[in-house]
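Here is the structure we will look at, set down as structure tokens.
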């Protein structure tokens, strides 16, 4: 449906987007993930028509999008900074887009009422944005862009100011819009769990360029570049050289089990990545694995994270276990994993 | 150190704070958690001196804080909306507070350089806020308030626009400030994991009132009110009546195992809460537990969430397991848990 | 019209005018100082002369009138009221229609003296409407000694320190000094003007202000005790009766406000008829009665009951002792310069 | 946030300064004497005189027509110009040009227009004053509105476009309300300046029309009488009443809209 | 700033060109026809000669410009600069706090306060000046008051101080209104942030409020300075005609001396200075 073709954009000497190409299908829920400042907002602004690319093309259903002025594009953008109209009430803000379509008053009133109900702000309909809390404002911005039911909805960090509960409800609502109304979504989020659970596909950006586009599980389990391996979720990374079909040769730890995703030349510089939850913590005297000592145990609601200091490895190795853990800091342990649970990829030059 | 004593604040007919009392200790990392619009920002603004309470008292180290004008309070507030000075460069914004203290130029330059390094914006020192991305702005706001090393630091959703990686680094930095410099923190966050992992204690707000103040693990494992049980983390809730020291009597499911935290009169209306990760998924023909069928399996990077439709229970029961799960939707299963893993509390009237 | 920068002696060629033209096809537009003609004039003129109508535009200074009349093309004005030296300048620019005496039988009502005014001897292009002079207007109760000389203003005695004013418009600003030095008010000799300037510079620190609009009010309030004033603007008729007017012994000027017909007028017959009508004793005496200016109309003046001591008593012959102001052409710039020097000094 | 008390000193000083002579003027309008200088006793006679003075009444009517006409014209032109300058050009020459009429000597503008009007043979009337006043008023409006546009965040307008509003609707519904305080301030200035302007009016008004400042200027030549004070006082009374009434009305309107 | 980056384009170039046309052309056309053309006509007189009896003789000369450098005119410019400068400074000093407080008023009261600022000016200019004369003249109210205490009389009128006072009175709203428009749009959170970082009220003003309202300050100063510089009525009425300013010079040429060419030359010189000022203003405002 949306085809992004070699888009680049510079601000002075900052390259915000560098030859970005993506294809987004009809009805797809597409997420953009990437570090702060990598160009996500810039890409959305280009799609919405507020920024012109220095180079590249944009196609919507085969039609060139660039010559179309922003107000004629069947696209809604929810701004990262909300951009609520300060002189209008919440209801007026939300109704604004519908009024532009000259819908009957009755229908506008009804749709505005419904969407405010959805975002939980019915009681605030007559307030001004300045009289709302941060999260309430964000929900008004969200309501304002979804109420139009555009063909393509661009959301820039739509739920970042919301608590878990409301956020879950909103996520559900977005999913509903995707399934029932058939809206195509492009959502920027820094919340990886959100991206993982909502998106059909995720594009990982870095420094203005796309590093990998994949479905959530694939992205998580089979990162193709060290950047993605490191950026998406927590990962334990080990450097070394390729060593056959199921191992990496590490200078410090010998052969480490893992599965290369692509053919790697023998002795090629490579990286092994293994997720904390795939790492097993075993007694010091167990067989295999790498030796270390427990540094810290911390409890993140539901999961315990244990960091293990492994001599010869710069960062501690992270291990995640369900529920509270009984291990004590200082304990001598071994960490190990199975070859199928670790991926090996070519290292950056 | 900071004593909040019966603070109330109304905006017209909206009650933003309702008789809030809290005591925050020297060097403590205190988090405020609560739904959007519950009054968190308002409380911080009152502490910083930008909003006057309708009633109540504020004491800092035993001295009355209310008569002191905002600029004389040894308190830094990071605004939820950043409030960066648009006419100043990033470096100037950050230096602003230090210049007010008339520190030597050399020292200011050095400290600004350091903090920009910390938040990863050294390269952006001479840009204006309008030339930054959303997350970069948030980091400037954070840098601006931490560089002063105030006695008390109030942070309003300081990391909400940041990706996981940067956020983790910033969290580390905040912890470092707490430990090395001895700053007291009051942080608003909607990110429960963040609150759990960073805070020494957490206050849960609802509708302007404090519902529970506790240490993270205690809050998670022993919620004292249905609101907290429901709000903090995911929970499976079952209604019923108190039924001795290790069970709840449920109309639909008979006796469910659980531990009451306080003495409950026999037959008192009660609520049982059990965390998804404490719930075990067993075969349909296994003993005990509650029968149901798998509705949906979704994978949130690292953990799989399985929702199980249990006839007679409104919401599906959530189960969390480490890694990807092999269960298929539609499978007949049983969910069960141990009495020590579920809490029973008095239900709201 | 004629070339606009010829010197003032030539008179533009007269149009052919028909004594019996149908005035009902003509409408009149005049410009005049506010309050200078009777309010009911338009109505009466319309009725009496059977013209289509009379519109009255107002100008409050000669300068503004000159701007409007000279800016370019047709100002739309048929008859203008301006002071003598301005009539002279307008004529020199070729903007005036010569008078057709045969269309103004009432010219006979004028004093003979009123045809001998130096800016326009024989009333070739202007007809006088009012005339008067400039002197010292003073508070009889606040002066220690009745002023008799321009030097009383220029070198005020201690009791009048900072309580006298001179006029601000350049020719009248220079007048007291020129007269006290015995020079002509129309002098264009640099050394005479320089001497006058020195005298005025010396006087400036002792003055309250330069003022040619509100000196009457200042006298009434006691802010000033002696001021240089035009006779008609000296409020000698103030009910308190403590204000008097004196023409200093060194002599003064004779100013005349006149009526002229614009060359560009398309209603010249009606214009003449209007002037003739104004010279009617009944109308013309209105001016003397209501604006406290003498009018050069013998028949009109004779109709009036002049109260004793009124300025209106002054005889035309006495007035003619005053020097009539004439336009100095290029030399008038010397007076502009003089006034600027004094104010900036 | 509490406001600095010290600021109230110049604040009130300003209003005392602005209204002190006004108080004097009002008092003198009840003077029984002829002079606007010396108070001789209480009388309402000047108000009676005023009602009968056709020139003054006509002049007042003309002035109000001119002020409203030129303000309306100037507000529209000036606001457009301000937005155009802020958003669509970087030319400082155009910036300067737009401000120029506000700062040129009246006399030069007046004479220029007089010459210009008569060159193109325009018959003068009230409308020629309206056109002339709009020249400088427009510059005031543009300059005041401009001060709100520098550094303005374009994202509100972007949001409007994004929601399907065309540029015109966006301008009317989003840009204008944001600029409103500037437009109000600019229009107030324009109105005020036009009410009291006489040099340019002098040169551009038709021969048979007068605006109030012209009438008053010429009345003053014969000494100020309290009649003019009475007129000024009446004007003040009417304006005050209008403002207070307007304020009441907006109060009602607001309470209907949003409880705050 | 080196890395100054252009503002984000609002719309694509086609829209921009249309926007430029829609927004700029009405006002600029108006200015062209009703200001630039008339001005050009008047200013063109400056290269011709005065007719003997006034008017313009169309013979080329540059002598009018030579006359500009006469010490008399230079000294008048000096006095005018001093008086107008002082007026502007005082207007800014009392106008800023006033505008600032008005901008903080509740929405309903803002307009009322603004109207209160201009309301005195809905009476007549001359009347207001007379009211001042009544207050300040020798036998006026202030001196009568002083007399009660055995003081005075003070010479309050007919000096340069009185001119400054009169100009201040006439042009104060021209300072307050643009300042108000600029201050009103400031986000109050910026002031809060400043206070929170330890800045006193005055520092907040100096570092945050003032820099962000520079365009308003510049506009206000221009609006007060220039007409003060060119005023000719106040120097006559309150200065007793004993001082003249640039405005009087120009007025004299056009009205009393009927020396249009020299008046045009003076105007041209004044306008040249103005244009420099205006461009400087535009430059500073755009940078702010």
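Just so it is clear, A, B, C, D and E label the chains in written order, and each chain counts residues from 1 on its own.
Basically, a contact is a pair of C-beta atoms (placed from the backbone, for glycine too) under 8 Å apart; a residue touches a chain by one contact, two chains touch by 3 or more.
Bear in mind that the values here come from a model prediction, so they are computed numbers and not experimental data.
Counting hops only between chains that touch, chain B reaches chain C in a minimum of 2. Here the largest set of C-beta contact pairs joins the chains D-E. When you average the Cα atoms of each chain and compare centres, the chain farthest from chain B turns out to be C. Centre-to-centre spacing of chain C and chain D amounts to 37 Å, using the average Cα coordinate of each chain.
We define each chain's centre as the mean of its Cα atoms; on that basis chain A and chain D are separated by 56 Å.
Between chain A and chain C, the centres computed from C-alpha atoms are 91 Å apart. For chain A, the set of residues that touch two or more other chains comprises 11, 49-50, 69-70, 81, 131. Shared interface positions of chain E, i.e. residues touching 2 or more other chains, are given as 3, 5, 8, 10-11, 15, 192, 195, 201, 212, 254-255, 288. Shared interface positions of chain D, i.e. residues touching 2 or more other chains, are given as 1, 36-37, 111, 115, 119, 151, 158, 161, 167, 217, 220, 224, 259-260. Partner chain E is touched in their complex by these residues of chain B: 48-50, 69-71, 75-77, 79, 81, 83-87, 89, 96-97, 100-101, 126-128, 131, 144-145, 148. The part of chain E that touches chain B in the complex is made up of residues 1-3, 5, 187, 189-190, 192-201, 203-204, 207-208, 211-212, 288.
Per the touch definition, chain E reaches chain D in the complex via residues 7-8, 10-11, 15-16, 18-20, 22-24, 26-28, 30-31, 34-39, 41-42, 93-98, 100-101, 104, 107-112, 114-128, 130-135, 141, 168-169, 172-174, 176-178, 180-182, 184-185, 188, 191-192, 195, 201-202, 212-213, 215-216, 219, 222-223, 226-227, 230, 247, 250-251, 254-255, 267, 270-271, 274-275, 277-279, 281-283, 285-286, 288. Partner chain E is touched in their complex by these residues of chain D: 1, 3-4, 7-11, 13-15, 17-22, 24-25, 28, 36-37, 76-78, 80-81, 83-85, 87-90, 92-109, 111-113, 115-116, 119, 131-132, 134-135, 138, 140, 142-148, 150-152, 154, 157-158, 161, 167, 181-182, 184-186, 188-189, 191-193, 195-196, 198, 212-213, 216-217, 220, 224, 228-229, 231-233, 235-236, 239-240, 243-244, 246-247, 250-251, 254. Against chain A, the residues of chain B that register as touching in their complex are 11, 33-37, 40-41, 80-81, 131-136, 138-139, 156-157, 160-167, 190, 192-193, 196-197, 216-217, 220, 230-234, 275-278, 298-303, 305, 320-324.
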